[in-house]
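Shared between the two complexes below is chain A, which has chain B as its partner in the first and chain C in the second.
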Partner chain A sequence: MPDLIHIERFDNGLVLLGEPMDHVSSVSLTVRVPVGPIYDPSGMEGAAAVGAEWWLRGAGDRDTRQLNDALDSLGCRHVEAAGANFITFSAGQVHQRLDDVLRLYHDILLAPRLDDEAFDPCRNLIVQDLLSLDDHPAQKVNVLCRQRFFPHPLGRYHLGTAESLEAMTADAVRDHLLGHFCPDGTIIAVAGKIDWPQVRDRIEQHLGDWPARPQAEIDTQPATGGFEHVRKDTAQTHLALAQPSVTMTDGHYYAARVAVCVLSGGMSSRLMTEVREKRGLVYRVSTAYGGLKSCAGWFTYAGAVPEKARETLEVVVGELRRLGEGIEPDELARAKTQLKSATLMSLDMTGSRAARMVNDFHYLERVRTIDEITAAVDAITIDDVLAYLQAYRAGDFVGVVIGPEPVPLAVFEA
Partner chain B sequence: MAFREAQLDNGLTVVAEVNASAASAAMGFFVRTGSRDETPDVLGVSHFLEHMMFKGNDRYTALDLNRAFDDLGAEYNAATSHEKTVYYGAVLPEYQHPMLAMLCELMAPSFRQEDFDVEKQVILDEIAVYEDQPAWKTYKHLMEAYFHGHPLGNDVLGTTESITAMTRDAMEAYRRKHYAPASITVVGAGRVDFDAMVAQIGETCGHWAGGAETHPVPPSPDHQSTTILTDANIQRQHLGLMSPAPSEQDDERYAAELASAILGDVTNSRLYYALIDPALADEAHVIYEGLDGVGAMFTYISCDPDRAGEVLQILRNQFARFQADGPTEAELTAAKNKLASGATLAAESSMRRLMGVGNDLFYRHHYTSLEQDVQDLMAVTGKQVHQVTRQWDLSASTLVTLGPLESL
Partner chain C sequence: MPDLIHIERFDNGLVLLGEPMDHVSSVSLTVRVPVGPIYDPSGMEGAAAVGAEWWLRGAGDRDTRQLNDALDSLGCRHVEAAGANFITFSAGQVHQRLDDVLRLYHDILLAPRLDDEAFDPCRNLIVQDLLSLDDHPAQKVNVLCRQRFFPHPLGRYHLGTAESLEAMTADAVRDHLLGHFCPDGTIIAVAGKIDWPQVRDRIEQHLGDWPARPQAEIDTQPATGGFEHVRKDTAQTHLALAQPSVTMTDGHYYAARVAVCVLSGGMSSRLMTEVREKRGLVYRVSTAYGGLKSCAGWFTYAGAVPEKARETLEVVVGELRRLGEGIEPDELARAKTQLKSATLMSLDMTGSRAARMVNDFHYLERVRTIDEITAAVDAITIDDVLAYLQAYRAGDFVGVVIGPEPVPLAVFEA
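And now, the complex of A and B:
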């Protein structure tokens, strides 16, 4: 399947990516504005999350209900979310509606109401979401682990803290968001049944006069690191581990992705086989690659009943370490097929194509072709994987445990 | 897009919706069994059995099987519900034959005792996984309360006691009874070669024999009750309500789907404006659940414990108002467009389409194209949406709440 990706950079810094797909009837739109949680001012953590909630409470001459009615009547399935660098606006609809939807997104992006009276409910929703996290220990353990692993504020939990949410005011959040809501650094992707010149013209017409502003910069501080046990009477002991990996621009990147796939890529992967299939220790265990622009890691999660938590952790850490001792040719081949196949099969969906383009552009300032990805994966050898694992030995773990009993840290001593 | 259908001599049905421009081929075995077919001595057997099907046979060990799927880069899994067990996978079209071969191997398991013993531990752990998810736990208790005494109230996972006591022989007997060819439909979607699919299934599954299709115990009348489950360790108050709704076979299911969207979609619904917009709750949705011969309208809310009484009252008022007045034309149009667009987007994935086509055949023994499905949805009137919440009384609900509250 040939991929033809169009890229347009407007004078105000806005980047538009377009991928026409003839055999579908929908169009997906993704807009990422660089005003995400990592830019939340100190003491105002959670501002972007409140912002993502607040942003659709009226725009232009429409109030909340009128705006939602307008989107719904166009059959526009939309989601707004704050994460890491961005507030992301995603919308999917049948292609005939794209023009009308883009007209609405002009108002949403450039003329949000952000009314005072809507602020408190939005903040309250985020306060409640934050409380809900306590009811989801499997999720919370990963949040806490990322917070310890990434340099501050890159691993920040997007919902902030009870204190920061309590302290923030509508004026301060509005000033912060509008002050940084800029076309420079904003990436828009449109994938599906589109006429590229027409989409480009429409975006220029609607957003070409969005005034440029300098993009926000952030100072990072060293990560907290270390281990933490959060005592809680849960049915399972939830374990999260993180270890450093490489970013997408690194020469080791594809080797790192192949390696994590050997470890946790499918039901026959090492973790599934050793922890679940052979020993029956857990239902869920996985390692996933998670990258930001400047740093990346492998994130491992396992949930086990408390009496099996220690053994689970021992086996998991053992497998993370054993990977560096060597991998078999069939493991390499399987991992490569899985990576390529997942990439190719995701091409059916307009939403995943739009998201893929935006991600690539954020990390690489260009969009990889499918051929480039498959060729890069194909080229990886066992030596490449081992060279990566040599450079990034499993040893510098950051870990969090939520459960009734702590897990002895001796497990991590080599 | 073309629909194809064939039946083997032993009663096994094979169907596919062929889409020549899709990037992948998806296939699955839909088996007519789930927790509603279970007797009290084997609670959870349908789901445990689904896990055991991945353990291989005389030709393949569990690891061989998993490796064979992974070698193809397949996205594959299985799922067990109250009345349906589905084994499915998607691959690049050139791997159709080997993936189907592996799905057929899954369907001919050995159930080795040592695998059974290890997998039992995994199932017991899976039960613990859901214990730490209050929303799920609320739903589980709600099903139990609503279907009071009927096997649809059984938890798909079974109980710690039933799983601990389960024997390999009981599982094998259950499989023999419920995995007869007449109870199984093989479904394909996306870029599948249908003739090749039928030929291969004929070769590998043509010899399967077994009794007639089994039928689930007919649904029992709903049961209105209130259950308060107190757990001081939980932060939020989780509320689950269930009331009657049309079944998967009823024509009114489209109206029920629209009613649930107008009342409780994540955005721009009546509950959104009554509860989420003013931040009285952080989650509030209404989901229409069609089942075989019965249906349910499921409402879930998460809120501050000290507001739960107020929230529940608002919810009941919203339901009563809808039953009195029905939807506005604007609400109806918006909900239709939203659902139609969602269905169109979902249909771009072969895997999602597999589930859609499979459900059509499973529940209605009849294929409906996406276009027809959208047309049927668009044809529903406001009066029908109004009527569906009265004929199946939306206010006659069973309530289960889980959280710190001791009374409500």
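And now, the complex of A and C:
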């Protein structure tokens, strides 16, 4: 299936990406507006998350109930989420309904009601969601680790804090969100059974007169870094480690992705073999690449019984370091196969295609073809991977532990 | 996209289901063998879960490392899981690799090593996974609720107990699993870019001489039922309720599915409107249909701050009961659209198609066409839904609460 990706940039800065897939029955729509949590004003952390709830509480002529009814009547499965740079609106539907859904999204994007009386219920939901993180230590440890690892405010947790949520007012959140909600920096992707010229015309008709305004800038501050133990009477000790990596525009990018796969890319990967299979130390252990536009990292998680937490950490850190000492040709080959096959298989889903296009455009201002990705992965040599690992030595760790007893994370500092 | 589903039953009882999808690049393979947790001998609960780990620890000529390497080299993303009746082997790969993957699965299914020395690491992993449930109260409350709701051993938690895992031996688990591992009752589904005659021939060649033996029977005992409060110092109070529903062979089946959608099928559904949108009581609340072959239920979950747990429960139970009092025509229409559109959209994924075929065959001994499902949903009237709700009144609840304070669940008993 050759990929044919259409790109249209409208006069107001709005970017539309389209990928026709003739032989599916659905269409995925993704709209990313650059008013995400990293833009939340200081003291109003969580504003974008509240906004993502609030935004669907009535639009145009429809109140909340009527808008929900209209979307559900079209069989539209929609999700709104705040994360990093964006509030993301995602909608999946059978292709016959796309036109009607786009009409509704015109109102949602350009004429949200954001009524005062809907604000408190939305804020309450985010307070609840924030609270539930305390009952998910495996998730919380990663949230805390990202907060320490990324420069402020890039690693900010999107739900804010109990204090910031309590302090914010409907007026302040509305002013902030509407002040940043703009077509410049907004990326829309449509993947599935579409007629591209028709989709382009519809989007132009609905969103072409969205008034342009300059996209907001972000000042970043140095990361907190360091190590933290959160004492909690959990059944497992949850360990999270982060270390610097390269962004998608970096020459080392594909080498970094291949290296992560050698470490954690399948059942034959080093972490699975050494931590899970040989020693049976933990059920879940993984290292994943996580990138933003300006910085990126490798994020490692493991959950172990408290009495095996230290051994687990030693083995994991040992493997992170050993990677730089050499890689076997068959490990490289398997890692490349894994990476390419994951990419190829994700193409069978409209939602993955839409997300892939939006991500690529955000990071690169263009969309890579599958041939380009495949060729770039194929070209990586062991020397490329080792050169990357030389430049980004394991050792500059940030770490968080949640569990009943501390684990001496700092021992493993460079 | 018309669905063309091939069914082949081999002499040894093995059933193969195939669905060609010409315009995708991947193939999903699902193999379900009837040796799941419900067959675990008393005192050996968790044997199937340990088995699902153990089964990939070497097969035929390959030891664990060689088998993992071989699968990873083919870009095969595989998962093994134990649940209810089955151990399920799932594998996704680009279509060019299917032949090689099937060759490996011949060894995995018919010549697993199940070596003594691999047993303890596998058991340790399941012990770890079981332990981690204590750090996931939102999941645990549903596990406990299903255990009380279904007749024994159908609601059994697949990971067993600390005691049963500790007590089991490699010999006993191997004898049990190999004694039940048989082609009769095993269902294989292949969906994606396939040449059906070739896939059928390959499966026949690899698995046609798998010796037949009668499938094991299960004696069920009455469910525990009732209510339970697990005191735990969680941030939220986690509530789970279950009530009886109908299986897929029942005349009320589609009415039951539509009714659940009215209650919990989209943002305009009653639970979302009453609990989440109007009152902002909880971030997560849902009712889902969950069926086994011989029994089924509706399973409701909500997570609320402890001081709002009682109000949340009252509103949720109120909505479960109010459903039987009447449904509006537009609610019915939206619920039917939701159900049909979710079904249609899932068809774009090879993995969903394979899972759908296997489920249908397990429940019905045939695979429904999409036209059949769509027509059955379309035919449901308000009277059909009310007749179902009359026969299965909300009130016969089973319930579990995890949280710092008890919530008087029993108040809501019929």
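Please note the rule applied: the second predicted complex is superposed on the first by the 409 of 414 C-alpha atoms of A that agree within 3 Å, B and C clash if a C-alpha of one lies under 4 Å from a C-alpha of the other, contacts with A are read in each partner's own complex, and residues count from 1 in each chain.
One rule holds for everything that comes next: a contact is a pair of C-beta atoms (placed from the backbone, for glycine too) under 8 Å apart; a residue touches a chain by one contact, two chains touch by 3 or more.
If you're wondering where the values come from, they're calculated on a predicted model, not measured in any experiment.
Peer 1: Which term applies to chain B and chain C once both are placed on chain A by superposition, clash or fit?
Peer 2: On the shared chain A, the partners clash.
Peer 1: Once the shared chain is lined up, is A:S132 touching chain B (first), chain C (second), both, or neither of them?
Peer 2: both
Peer 1: Check the residue A:N359 against both partner chains and state whether it touches chain B (first), chain C (second), both, or neither.
Peer 2: After superposition on chain A, A:N359 lies in contact with neither partner.
Peer 1: Per the contact definition in the header, classify A:T300: touching chain B only (first), chain C only (second), both, or neither.
Peer 2: neither
Peer 1: May I ask you to decide whether A:L344 touches chain B, chain C, both, or neither, giving the answer as first, second, both or neither?
Peer 2: A:L344 contacts both chain B and chain C.
Peer 1: Based on the superposed arrangement, let me know which partner A:S90 touches: chain B (first), chain C (second), both, or neither?
Peer 2: neither
Peer 1: Applying the touch criterion given at the start, work out whether A:T186 contacts chain B, chain C, both or neither, answering first, second, both or neither.
Peer 2: Neither partner.
Peer 1: According to the stated criteria, A:H23 is in contact with first (chain B), second (chain C), both, or neither; which is it?
Peer 2: both
Peer 1: Touching chain B and also chain C: which chain A residues?
Peer 2: The overlap between the chain B and chain C interfaces on chain A comprises residues 1, 23-26, 64-65, 68-69, 71-78, 92-94, 97, 120-125, 128-129, 131-132, 134-138, 233-236, 238, 265-269, 272-273, 276-284, 303-305, 330, 333-334, 337-338, 340-342, 344-345, 347-350.
Peer 1: Name, in rising order, each residue of chain C that touches chain A in their complex.
Peer 2: 1, 21-26, 56-57, 64-65, 68-69, 71-78, 92-94, 97, 120-126, 128-129, 131-138, 192, 233-236, 238, 265-269, 272-273, 276-284, 303-305, 330, 333-334, 337-338, 340-342, 344-345, 347-350
Peer 1: Which of the residues in chain A end up touching chain B in this complex?
Peer 2: Chain A residues touching chain B: 1, 23-26, 28, 64-65, 68-69, 71-78, 92-94, 97, 120-125, 128-129, 131-132, 134-138, 232-236, 238, 265-269, 272-273, 276-284, 303-305, 308, 330, 333-334, 337-342, 344-345, 347-351.
Peer 1: Where on chain B is chain A touching in the complex?
Peer 2: Checking each residue of chain B against chain A gives 21-24, 54, 62-63, 66-67, 69-76, 90-92, 117-126, 128-129, 131-135, 190, 233-236, 238, 267-268, 273, 276-279, 281-283, 302-304, 330, 333-335, 337-338, 340-342, 344-345, 348-350.
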